[in-house]
Every structure is written in structure tokens, then in C-alpha cells.
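Common to both upcoming complexes is subunit A, partnered first by subunit B, then by subunit C.
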Partner chain A sequence: MQDMNLSDLFVSLTSRIGLNYEFLATGYESQIWRDGFVTTLYLVALLIPVSLIFGLLFAACLTSGKLWLSSPVRGFVELTRNTPTLVQLMFSFLVLNTFVSNLVGGAQNNPLTPFFWVVAVVGLHIAALHAEAIRAGIEAVPASTIEAARGIGFSQFQILRYVEVPLAFRASLPAIVNNLINLVKLTTVGNAIAVSEITYASIMVWTQRDNVVSLMIAILLFFSIINLIVARIGLWVERKLAVPGYGI
Partner chain B sequence: MNTSADNAIVRLEDVHLSFGQTHVLKGIDLTVNKGDAVSIIGPSGSGKSTILRCINALVQPQSGRITVGGTRVDQLSKESERIALRKRVGIVFQQYNLFPHLTVLDNIVLAPTRILGADRREAEKLARELLDKVRLAEKADAYPGQLSGGQQQRVAIARALAMKPELVLFDEVTSALDPETVGEVLWVIRDLIRDGMTSILVTHEMRFAEEISDTVVFTENGRIIDHGSPEQIFHTSDNPRIRQFVGGLSGGRGAVRDGEGI
Partner chain C sequence: MPSMKLATMTSAFALSIFSLMATQASADATLDRIKGRGALTVGVILSGAPFGYIDPKTQEQKGFNIDIAKALAEDLGVKLETVTVTPPNRVQFLQQGKVDLLIANMQYTEDRAKVLDYVPTAYDRAGGAAVVRKDSGLKDWADLKGKPVCVSQGSNYTQPLIEEYGAVVKALPSQPESLLALQGGNCVAAVHVGATVGLLLEDRPEDWKDYAIPFPTELIPSDSVIWLRKGEKDTQTALDNSVKKLHASGKLLEFAKSNRLLNTKFLEEQQKALSASK
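Now for the complex of A and B:
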């Protein structure tokens, strides 16, 4: 028992119920797999703020009442909502990225990595969904409340900042949390362009080890736990922001 | 700038305003002196609330002159100029329109700190004084949703006063309240007027208008039909339309409020 470490114990215990995690004892595959978890977590941690910031920005454009601001964003929202994210990602990486490479004189000069494209495509896609949720929330703020704010002397931006967004955010929070849960799952599209997140890393391992079920269980548990946490935090924020007498 | 000998703080001259095809104001002339309380009465849809919104630059008339404390409101073209005006003119609405996500105290403190750049601590001190004035000191940390209509309206008044306005516009501030809570709001307004706050009130509370006003203005169909002292409008007017209106609403002198709002 003395020289048997935790992962050896795990491998021997799970093998008794027919699961195969033997690769954990090897340096290389085990490293790839662990990095896969880290990459996915890194993607999630980066994508949540990126999607929220752009979602807010898009919503502000959509509700600005200025056509030159709202129409390009409206166009983008429709495009990203109505087409498969996987196709968007492939298009971005195979077409846009190549275009950038040609522009800077070769792929070796192109600073944009596959990781960047996953963050850009998934982040902006979810941002579009956030924007629609926030827009609905902003439009639900009573016109009389906004008139009162104008009457007091708030500027258009101050009304957005201090009245519309705080109210809209509360109203759209359940939809936003839903979008974030989708976002976590959507990080797996990265494997299509060789971003070594957890599904990509797992495929690398199971093509060698033929242990699909064992790895699947780990993947499903992993995503379930992340999304359980996201949903919990969402609920906590919802309760924290709940306002007595305001119908949410 | 205002070198005229008279004491006018608000002056409307031949103000016309349309919303699309609807001609709402058809030549309004109105003068309000500093420290005065002016009540605007008249049937619904006669343009009373629109007059207040013109004074506060929430709507822009098509023609006519509007002067508020030396500012030609009808000539303001930039939003920043309108904002500068609104800082000086408080307005209280029928539906209170408090910010539901902020506590009572924050509702009052928000505008002075964010618009006037007041120090948070000083703004809070003033807010508590105002809450004391509207008799809601103990509700500072409550949310609007936890207050009755009358309490919310008193907070709305405190919120308007926190900007230290030169005058306050009251737009049917008791119309959404039940008869029992009307009194508590009117009490606060009465105090304000006694303290010398220039006030323009659109109201259906005839008894109250009679009691607190220096001048009463009767509007109908976008025009001012008559104006004068409360005594003139409520009791000695020879205009049959006014007699009918004030008679129908207040039951004449000495009527109790139970007679209203049939």
C-alpha cells in the first residue's frame, strides 16, 4: 500500500467493475487527458465573461434606436442564431483564418490560434443569445419608469446604466443562465479544429486504448458537474438580486 | 438674465403642440410666479399633463414660447440642454415610477450623486432629511414594492426634492391612490407649498386645489378657458362649463371628499 499512489488505486478499483483507466499510469496519455480537462475549464472561464460583455454590448446596440448601430448587430444575431455553430467554426477557421494568414504573409505569421477561433465563434454566438434575452428585458421596463428617469435629468446612457440594465438583467437572468449552460457544452465543438479540449483529448486516448465507455463516463460527469455549478451560481445570483415586489 | 420686473419663473406664450394629427395644445398662455402654487384643472384629455411635460422639456411644442427661470425651453435643441433644465425642474408622476430595484434611500440618492455629482454621504444626509419631511424616515431601507401607493408617492416627492429644484410639477399625483392614502400625500404637498416651493399641480382634487392654490387654471380641449383665484374659479365663475365641472366634482363649497369620484 505504501508505494501505491491514488491513481493506481483508482485504476485497480475501477478495473474490478470492468472499466479501463490504465492509461492514467502512463505519462504521455495521462498528460494529454489532464490537459484536456484544463483546456475545457480554461475555455469556460474565458467564454463566460466574453459572452456576457459582448451580449450586453449587442443588446445596447439593438435597443439604441440608431439604425447604424442596431442593423449590423441584428444581422449578426440572425446569422449566428440560424446557422450551426460547428459550420460557423469551420468557416471561421478554414476561410477567415486562411484569409488572415494570406494577409499577414503566411500561416507562420498568423497570431490567431484555433483556441482563439473557438473563443470568438462560441463567445459571439452565445453573446447573440444573451443580447436577445437582455433586449427583451430592456423592452419590458415600463415606459413610465424611463420617463421618470428622463424627467429627473438622467441622460440616455445613464438611464441604460442605472435603470434599464439592472432591471433587464434581473428579468433575463434565467435565460442567461440557460445560455451559459449551453455555452459550457458548446466548448466541445473545439475538437473539430483540433483544440485539445476534453473530448479531443479523450478521442486521442480511446483510439489507442479502446476504452470509450470509461472515458465517456468521465466526460459526462465532468460536464454535469460544471453545469451543476453554473446553475447553482445562477440561482444564487438570482436570489441575491431579487427585489421585493418586483415580479421576478 | 431675467431682468423683467415681474416675478415670473414660468411663462408660456401661445404654446401649440400636436402629437401627429392630434392637436393637444391650442395656444396656451400661462404665467407662474416664484413661490406660487398653480393648479391646473379640467376634464381628462384637455392637455393638462402635456403642459407640465412642455415645461420640463419632455415634449417639444411646435410653436410658442416657454420660459423657465430665464431659459427659453422651446429653443433648446440639444439633449444636454434639456437635461440641464430638468435638473432644475422636479416632476412627480401619477404612477410614482420609483426605481423598483433600489431601496427608498437609493432612489433618492441616485440622481444627486450621479447627475449633480454630489458626495454620497451628503446626499444620504439630505435624503434622510427629506424622508423625515415626508414622514417616511423608517422606510429608508425598504424597496418600493414593500410600500403602499401613498408611501411610494411620498418617496417620489422626496426624490424630486433631492435635486433641490426651483419648481416642482405634480402630475395627478393622487389619481392612482385610494381615498384614504390621498390625504397623506396631499399633506406633504401642502407643507411644501407653505415652505414656499413653486408648484404647478395637475389635479382632480378640487377641495385641495381650492385650499392651496394661488391661481387655478381651467383647461378644456387644449385651451385655457379661465384662470383666477380659487374663489373666482370655484365659486364666482360665470362660465357655465366651469360651474358644471367644479360642481360635478366637488359639490361646491364645503363639500366633503366622499362626494368625489362618482
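Now for the complex of A and C:
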């Protein structure tokens, strides 16, 4: 009851300055819209770890020096970096997904949802950008440091695990945070394949009620806040991990 | 100092909102502008035959909506300019003055009538039809309960599908994507304007041989009207006269037939009613 009154108050206050949030008093539209915020946050929370894990994996392959490992990853990175994410998403959902359905004998057996495709496409797209950032970091580790590690008997993997990645991660952190901010914004491509994140939910409402300005303000504020938090956390991690005297 | 900055920012923000509002409310003299420029700018949807499409051979825009737009421009004695719009952006194109009016498969709804004005005489009546797989066993709208149904974003079938029939609606950017999603098995039905999907199934029997439109009724049949910015009474009156004339002279019916609209009952009734009242 208290909640009801609050949203009524909000609707009447905002209507005085010419904004229309009347739909909040209705059934399914306000439900879709509220769920939209949750879905976007859920996407962000899922995509950040997914992109980081795959980014690290890709970077490890790229710098492994083994052609059979690095060349397929290099091919994937080039493909995903150089094509629009929206096109990748439409292609995955409308073409690859249909192909998978045919393989498993009908769409009813296909467990892949639009949500999965957004996570896969956006996650791997940002992972490719992470990989390039981390690769730059790995290549910035001084050759003498690696030589020293090899000198005390580290294997190739141990060098990666204990020497290269910790230093490379610090060097590439600003670029990675940049990618993560981009990732938060990229979740909005989900609206093209009916994943009910916040822009999809807003389109559903404003195509019926034509209150575009009101909803745009809410979307812009929402993403500003998320990204402010992501950037702040990034900065905090950067400071926390700083190696005194190393310069990064 | 920081509070000063905040105040400036707030006022700049308020100002930008205000100017957005202002563009929506201004430009009352559309009819004068149309005559002054000698051109009528119409927002049309080119989502496929019979309403609006691009002829693959001549690259010209064709369809029922285009024919109506041409006839209206002719009646006003000006030339026609068309702007392609889509369901998610059409109202903004109108409100921001990028087009003078919309002939864009937009049916009359009470919510729309609150923010826009419309030409009272409808140029068609259209309802939604559901394309489903023949082997799906779906027989009527009620069978869609709890099932994924594709529509295009901005479709006015969303609300009745959710509220009356309990379907799980997936809105894709436009009709072609929605139909592809149906073929890909991402939804059990695609609901669009009846005439469009009916013609599609007829024209491309190979691609659509596993699909049918089995439901006996159309979803919320409602009047297709021409939409205008709020408060443009002169334009409204002028266009209403033109549409009435097109009904009475049988031209609308002719357009419908030449564009192969499947159901012309409404247009026949209107022609009779309006030509009798003359």
C-alpha cells in the first residue's frame, strides 16, 4: 500500500514538469519496465566475469607462441572486433540459432535462449577487446624480468601465471575498465532480439504511450549510475594493486 | 562553487527537456507550411506488401499506404515526399516535425489519441492475424496462453495478447525479424496485420508451406487512421474531406484491390455510406 502511494506521488509530481510516467500505475507495462532494470543488472553482473575469463583465455592463447593455439584465436578476435555487435547478435540469433535447432531436431529441443545469445555475443566481443588489452600488457613486461623467471626454473605456464599476468593485468587495467564500461552500454543491443532489458522494456512502453522523453531520462540516469560505479570500482582496484616504484 | 555548478547543470538539463517539449507542442500551422512549401511529407512504413514496399524492379515505393499518400497530396495540390519510418520511431518523426502526417499502419487507440490527433474518417480497418506452424495444434487465440508469441516493436497487439490471452510476447524490431524468429522456432506464433501476413503466405507458398493462419477471428480489428500532431485542426479538416472524397469516389476501394488487400468489406461499406450521403 505504501509503495502504491509512493509511485502515485511520483507520477503526479513528474506530471507537473511535463513528464509522463502514468504507466507505472498500470499492470503489465510497469511490470515489464521494473523487470527491465533487473534484467540489465543481471546481464551486467553475468557479463563482467564472462568477458574477463574469456579475455584472459584469449590473451594466453595469443601470446602462447604456439601457432595452432594463437591463429584460431587471432582469427576470432579479428572477426569479432571488426564487425558490428548488433549484426553479430542478429546473425547468431536468426541464423546460428536456427541451425542449432535443426541439428537437435526442432526448436523445442533447443535450450539456447535469446538471453544466452546476448551473453555469448557481447561477452565474447568484449573478451576480444580485453584480450588485446591484456596482450599489450603481457608484451610490456620487460624481457629481463621473464629471463630472470626462466633463470630460476619457471615453466612457460608458471611464467604466465606468476610473472606475466600479474604485471600485465595492472598495466592493462585502465583499458579493461574502459571495455567494461563499454560492455554495460552494449547490453542494450539485447532489445533487437527481444531480451527484456531496460531499453527493450522502455520501447515496449513508449511505442504505446509515446512518453519517450520521460523514459529516456530514466535510461540515461540508470546507465550513468551503473557506469559511475564500475569506473569507481576500477579506480579502486587500480590503486589497491599499484606496485610502488613500478610505475603502474 | 560546487553548488553553483550543480545549479547551472540542473538548469541546462531542464532547458533541454523544455526545448524537447516545445518541439512537440509547436508547429500548429502545418497546413500553411504544406501549401507554402508545395509539398506534403508523409511518414510511411515499408514493411512489405500490400501496405508499403519497394518494388524490386523499379526501386519505387509502392503499396496501399503510398497510393493514399499520393492521392492526398494530389487533392491538396502539392507534391508528395515520403519518409520511411518504423513502429518504434514513427511518433517521434511526427512530433519532431520530420513528417507532416503518418500513414503507417497505425490503428486508433485511446492512448494514442491522448498524445496525437487523427483524421476521424478511417482509411481502412485492420486486425491482427497469427501465423503458426501447421503442426502446432493451435486453434484459437486462447491457445496462446503461456506460449512465446512474436510481434513487432510498437505493435498494438501486445497489450491484448498479454492481458487477455496471457501470451509471452517477444517484440522484435520489425515484421521480417519477427517472422524469421517464428521460422527459427523462437516463438509459436507471429502476430501482425492480417492483410500483410495473409498476402505473404499466398505469395511465397514455398517458404511458408508449413505455416497457416488458422484462427477464425482477427485480433482487435480497429480503424486505421491518419495521425497528426496534436492541435492541428485545419490540417485535420482538410484531410478528413480528402479521405471522405476518396471513399465516395471509390478510389480507396480501387487502391485496395490493385494492391490486393484481402478483406475489403470495410471499404465497400464506407463507400456506400459516404457516396449515399452526398
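Convention: the second predicted complex is superposed on the first by the 244 of 248 C-alpha atoms of A that agree within 3 Å, B and C clash if a C-alpha of one lies under 4 Å from a C-alpha of the other, contacts with A are read in each partner's own complex, and residues count from 1 in each chain.
The working rule: contacts are C-beta pairs under 8 Å (C-beta built on N, C-alpha and C of every residue); 3 or more make two chains touch, one makes a residue touch a chain.
All figures in this text were calculated on a predicted structure; none of them were measured in a lab.
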item: Combined model on subunit A: subunit C and subunit B, fit or clash; value: fit
item: Subunit C versus subunit B, contacts on subunit A by residue; value: C
item: Contacts of A:W236 with subunit B and subunit C, given as first, second, both or neither; value: neither
item: Vertex subunit A; arms to subunit B and subunit C (CA centroids, nearest 10 degrees); value: 160
item: Which superposed partner A:R170 touches (first subunit B, second subunit C, both, neither); value: first
item: Partner chain in contact with A:M204 - subunit B first, subunit C second, else both or neither; value: second
item: Partner chain(s) touched by A:S101 [first = subunit B, second = subunit C, both, neither]; value: second
item: Nearest Cα pair across subunit B and subunit C, whole Å; value: 38
item: Overlapping contact positions on subunit A, where the subunit C interface meets the subunit B interface; value: none
item: Sites on subunit C touched by subunit A in the complex; value: 14, 17-18, 20-21, 87-88, 91-92, 95, 109, 111-112, 115-116, 150, 153-156, 158-159, 162-163, 170-173, 177, 180-181, 183-186
item: Touch list for subunit A against partner subunit B, complex; value: 142, 144-145, 147-156, 158, 162-163, 166-167, 170, 241, 243-246
item: Residue numbers on subunit A that touch subunit C, as the complex places them; value: 17-19, 27-28, 90, 93-94, 97-98, 101, 106-108, 110, 114, 191-194, 200, 203-204, 207-210, 212-213, 217
item: Residue numbers on subunit B that touch subunit A, as the complex places them; value: 56, 58, 79-80, 83-84, 86-87, 90-91, 93, 95, 97-101, 110-111, 114-115, 142-146, 156, 159-160, 163
